[in-house]
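Each of the next two complexes has subunit A plus one other chain: subunit B in the first, subunit C in the second.
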Partner chain A sequence: MPVSRRTFLKFTAGAVSCSAFTGLGISLAPAMAQAEILKFQKTTITTTVCCYCAVGCGLLVHTADEGKGRSVNVEGDPDHPVNEGALCAKGAAMRQMAENKARPPKPMYRAAGAKEWKEVEWDWAYAEIAKRVKAERDASFTLKNSKGETVNRTETMVSLGSAALDNEECWSYQAIQRALGLVHIEHQARI
Partner chain B sequence: MTNYWEDISNSDCVLMMGCNPAENHPISFKWVLRAKDKGATLIHVDPRFTRTTGHCQLSAHLRSGSDIAFIGGMINYILANKLFFADYMREYTNASFVVGSKFSFKDGLFSGFDAKKKVYDKSTWAFEMDANGVPVRDDSFKNPRCVLNLLQKHFERYTLDAVTAATGTSKEDLLAVYKAFASTGTAERSGTIMYAMGYTQKTVGVQNIRSMSIVQLLLGNIGVAGGGVNALRGESNVQGSTDQGLLANILPGYIDVPKSSFAKYEDWVKASTPVSKDPKSVNWWGNKPKYIASLLKSMYPEATLEEAFQMLPKVDAHRKMTDYFWLNIFERMHKGEMKGLFAWGMNPACGGANAQKNREAMGKLKWLVNVNLYENETSSFWKGPGMKPESIKTEVFFLPCAASYEKEGSVTNSSRVVQWRYRGPHPLNNVKPDGDIMLELFKEIRGMYEKDGGAYPDPIKALNIADWEEHNEYSPRKVARLLNGYFLKDVTINGTTYTKGQQVPSFAMLQADGSTTSGCWVLCGMQPAADKHLGMRRDKTATEMQANLSMTPNWAWAWPVNRRIIYNRASVDATGKPFAPQKAVIAWKDGKWVGDVVDGGGDPGTKHPFIMQTHGMGALFGPGREDGPFPEHYEPMESPLKKHGFSNQRVNPVAYLLPTEKLAIADAKFPHICTTYRVTEHWQTGLMTRRQEWLLEAEPEVFCEMNPALAKSIGINNGDRVLLSSPRGEVNAVAMVTERIQSFTIMGKEVHQIGLPWHYGWVTPNFGGDSANLLTSSVGEPNTGIPETKAFMANVRKA
Partner chain C sequence: MGKMMFIDLTRCTACRGCQVACKQWKSLPGEATRNTGTHQNPPDLSFNTLKLVRFSEPKVDGKLHWLFFPDACRHCLEPPCMGQANLDDEGAVIQDEATGAVIFTDKIANADAEAVRTACPYDIPRPEKDGKMSSKCDFCIDRISNGMKPSCVHVCPTGCMNFGTEEEMRALAKTRLEEVKKHYPQATLGNDDVRVMYLFAVDPKNYSYNAVAEAAPTGPMTRREVFASLAGKPKA
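Right, the complex of A and B next:
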């Protein structure tokens, strides 16, 4: 009898005994089965789409309702028409992308000539970046080009990115860069 | 993609070229294998034997950079043996159009070539027009200047001998592939072509795709189930980011950026809007004035269209557009001409061609802002290999952002399906979603302009950020409403009145007079009501006809107008009867269209099917490209040959070249053809995969594949450390000696092909190796400026 993961879970939710599995022909050790069930207790499930390639596979994210409220499991969405619950190695490892100690907790700044990063506050970073953007924009802004045509642009600032942003962010981002007057706006799709 | 992932299973023949879906788009391969289960022939054409090849009944190996020769031979085979789908070719492509008498092609050059400026005068490629301004057609195909005859003449030079000399593929393999794929040139059968960066990252990248489009048009494979030209896009939202115009040449919705020569709004609109005099041509781009106006109103709702136009930055009309693209940006940065860089969700220190140049260039900036999940080779370029931090003056800001499932918003996959992603956990350590970072930073900048004034503050002050914000946070749901568009005042269209603030139900209702917003017209219809985003749909119901094609039209939403196969009008005859009834995409039934959302609307036989083409026909002859209306084989900029067999024109005559670039052309110091690729367990520069234990355990470090004969000749054993080199740089790797990669005989000369994955970088893991792009060259394709990172010359020796 073919058993989908969901059916399997339905069964296990009702009967957490070894015999339930043998009856289904599943050779999972009871301890593992127990862990599988616990994983889904006291969590909220949200759907997402993979952050890697553009096949657009659906995933389920299980986020703990208690404690630190972190994602405790990420797996393929069995209802999704493209991947039908399956994932490649990258998608299957997506939780390690988000739940990762290497993620810097705060903005960092590297001064000219410095050998190390310095952790900084968000407000400080915004203010300092804004100052530099404004100074560079004001210094470089060109109303007319060499032929006397109106161009209203700056050529010395560049924006690269990003296909990793959501649609809404991409749109807002291009609007900001164009409002600043940038013409050098490129991203992954170019290369 | 013209089609959608699940539709690949409807194909009778799947040609995979310049891609490796089994390893790099693994879940797409589910649908390839379903096609095989139903009897389809699978074909892989690639320099390497990969897991994709292992599943194919047919495969052919070609050396990197010879795709046009390979496909040109197929075009010749189809035409010489009359294997095309004749009705489709005659009625739905420009095969019968007569090209003007100024057009010629001689020894690798098309007419109109300006040798000094290295550009073509494309006016010499124009069609002959009748008195009404409609292209002259010769349905009898007797006129020697009709497209079909020019096509035949162009490609009859692509004989099996000529092709095999260029590609290194055996004649038997060529014929087997040609025969199998050409078998889809009937009404009932369909073949699909899947491609990825192996096809595009060439100085002839666009013409590579043109060549496969020509094959598909001849065989009647566009617009049909199991057909199409399908790009396996590599990033979760690279379709969406392109749709949203994050490129120097396009604004959202594929609207050309304004040029300095346009003094007025109407100059821009007029220059951007094609005109067709053919009553059967839908010429959809004729609607562009509505889309441009709606975009401007989304950014600057309070401004007039003229004022909004003035506020947009312009590119110089007298410069080539490619001057504004990636390669020249780094060239100028390297010269010290760029002062500030936002590398937002990008790692150009590893991802860009000639990566060392990019790293050096960043050291000449005043400041760099990098927004990312992790520290990476770009954010930390100043402490990378060979860098002296004390002498690098660039100030760097690193802003950590939320992971994809720590925020909400939509992404668009390769099938053009827009899918909503919901937030699971809150961002780790209270880092911020990208949307909040950009909004907060912009408000800071705007505040300074409001307080202190500054250069041309108008666009900064006028930008409509009110539509991005809710409860003092960035609101993707609100921005999505703007992307779709809403009415700015009450508007009556065909007797129906839409009220101010109401969502625009479809792009057919967008207005040219400034009374609608729509941030990206292709997404109009995605959110027909303020609280109804169709990208959130999870309904798998379908009609019997749709289910027959594994089509799920009620699952999320595809642009445009939820059409799942574009140009689907080409799948039926003039009475609306499907060419392939067993896998019909659309059909005219009881006075209406059923199946997919039909392209163009109206009764059967009233419209030409290729609605985005000005003249409504599939472009066998493509007069709009920079490098010719037909594809032609040229060598990659770096190749082992000083001369090839097709002409005396060694390389694409209009390729994008930087005078500073060091190149290896038939250079004994760099004797091997090299290419780069991906592995299943890593992704792009590895920034988002090199931190995961599971993935790193599977693929811990960079390796170089080479065949046993080459390895033996240079004294290398499997597992030895080797040093790859090119005129640009060196990469240390582990030798993987394997039969999967072979040598080729090109123009009578034996050359070895080698290759390496490009996912690695010095930041992490320790001893994992550095980016393959330290080797690649920054030469570019003339239309897109994409660098030729998939075919270059290198040496390899024991480290």
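Right, the complex of A and C next:
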């Protein structure tokens, strides 16, 4: 049976602790030997698709089994037919989508006319968005156009994005938009 | 026999995936930089930037070329940095028997960082800013001793970076040289006493000051002086 590269990795992960200390010609200081142990020992591998562009490269996400269960490494999936393990500079930095101190952990809100952004709760943000969408939709909904033809649409709202959505998610998303009566719907739906 | 990397520069598009993958795998921090008029960013290798794609725009035979050079440790078969550093502390630099990787250990802190850097024919090792350590590429020893490719090779989307046994890579280098000669008559292979072999489309000195060991300019400036002048280039 041919061994896929991923199976091979699982195999080798078990052998790491042995080979790490015998791989070098001379004995290493403990700190150095530690560095030789692969960082994704004791991790769970999940596949995903890069959200950045239309190519749709496959990725492997290594999530720590211990501690806070955060991702410790993200790299190209060698078994994925699109990229066969390769990635561009943006894709190679994918781990920072999740593990990044520079990203705000909560939604940020700047009230109309306010100068400062403030941190808000997700529940409040969702409710606020829903409230405003409904108010705008109710105010702008048009039943008939100037010729008296039935249109049932709202033209004061547009939808743009999101590149991180896949085909199926996009379908649900546009279905909601159309139910609201939006006609200006655009998306980078290429993956 | 050991392992080897073959970098086919005729296939490099300077996407810099290798540069980012290196940072990513090693969890090295980014650097605050500013626009210096080139995509080469950060402007030089550093303690935290072990792999850097260098950009150059030379005129070769009256024609402008935009050349890209993924630069990192060459893992010399007989590393001068090892000879130099181990004078200060035996074991500061080691060479892995199985792969041939040249690795700085913690004991590198006991070696003269400036002397180690000067000993390198390719000007690769970089000292820590506020410390005694030096760093450079370690051939992803953790990955390659577990049957994986180095991070930079794994990520490469164009087939520019290749990794395998010394035998495989030397054979590939020979084949590719013959192929690219049809399009680039000046094509040539870089130094072969190292574990990172390059294929250049034009004269290597057009790529970078440290592309090959003989690339030292013959003018009144020494290689180190040239480098110092580059590093201190006034901000655009």
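Throughout what follows, the second predicted complex is superposed on the first by the 146 of 191 C-alpha atoms of A that agree within 3 Å, B and C clash if a C-alpha of one lies under 4 Å from a C-alpha of the other, contacts with A are read in each partner's own complex, and residues count from 1 in each chain.
To be clear about the criterion, contacts are C-beta pairs under 8 Å (C-beta built on N, C-alpha and C of every residue); 3 or more make two chains touch, one makes a residue touch a chain.
For clarity, every value in this text was computed on a predicted model and none was experimentally measured.
When the two structures are aligned on the shared chain, A:V49 is found in touch with subunit B, with no touch to subunit C.
Legend: residue contacts after superposition of the two complexes on their common chain; A:A93 is shown touching both subunit B and subunit C. With both structures placed on the common chain, the touch criterion links A:E66 to neither subunit B nor subunit C.
Contact comparison for subunit A: of subunit B and subunit C, B touches the greater number of residues.
By the touch criterion defined above, A:M108 lies against subunit B but remains apart from subunit C after alignment on the C-alpha atoms of chain A. Touch criterion met: A:D138 reaches subunit B, while subunit C stays clear of it. Touch criterion met: A:E75 reaches subunit C, while subunit B stays clear of it. Of the two partner chains, subunit B is the only one touched by A:C170; subunit C is not. When both complexes are aligned on chain A by C-alpha atoms, subunit A residues 74, 83, 86-93 touch subunit B in the first and subunit C in the second.
Those residues of subunit C that touch subunit A in the shared complex are 15-17, 19-21, 23-25, 91, 94-99, 103, 105-107, 141-143, 145-148, 151, 154-158.
Of all residues in subunit A, only 44, 46-59, 61-64, 69-71, 74, 79, 81-84, 86-94, 96-100, 102-115, 117, 122, 125-134, 136-138, 140-141, 143, 145, 147, 149-191 touch subunit B in the complex they form.
Contact residues of subunit A toward subunit C in the complex are 8-9, 12-13, 15-16, 19-20, 23-26, 28-29, 31-32, 35-39, 73-76, 78, 83, 85-93, 95.
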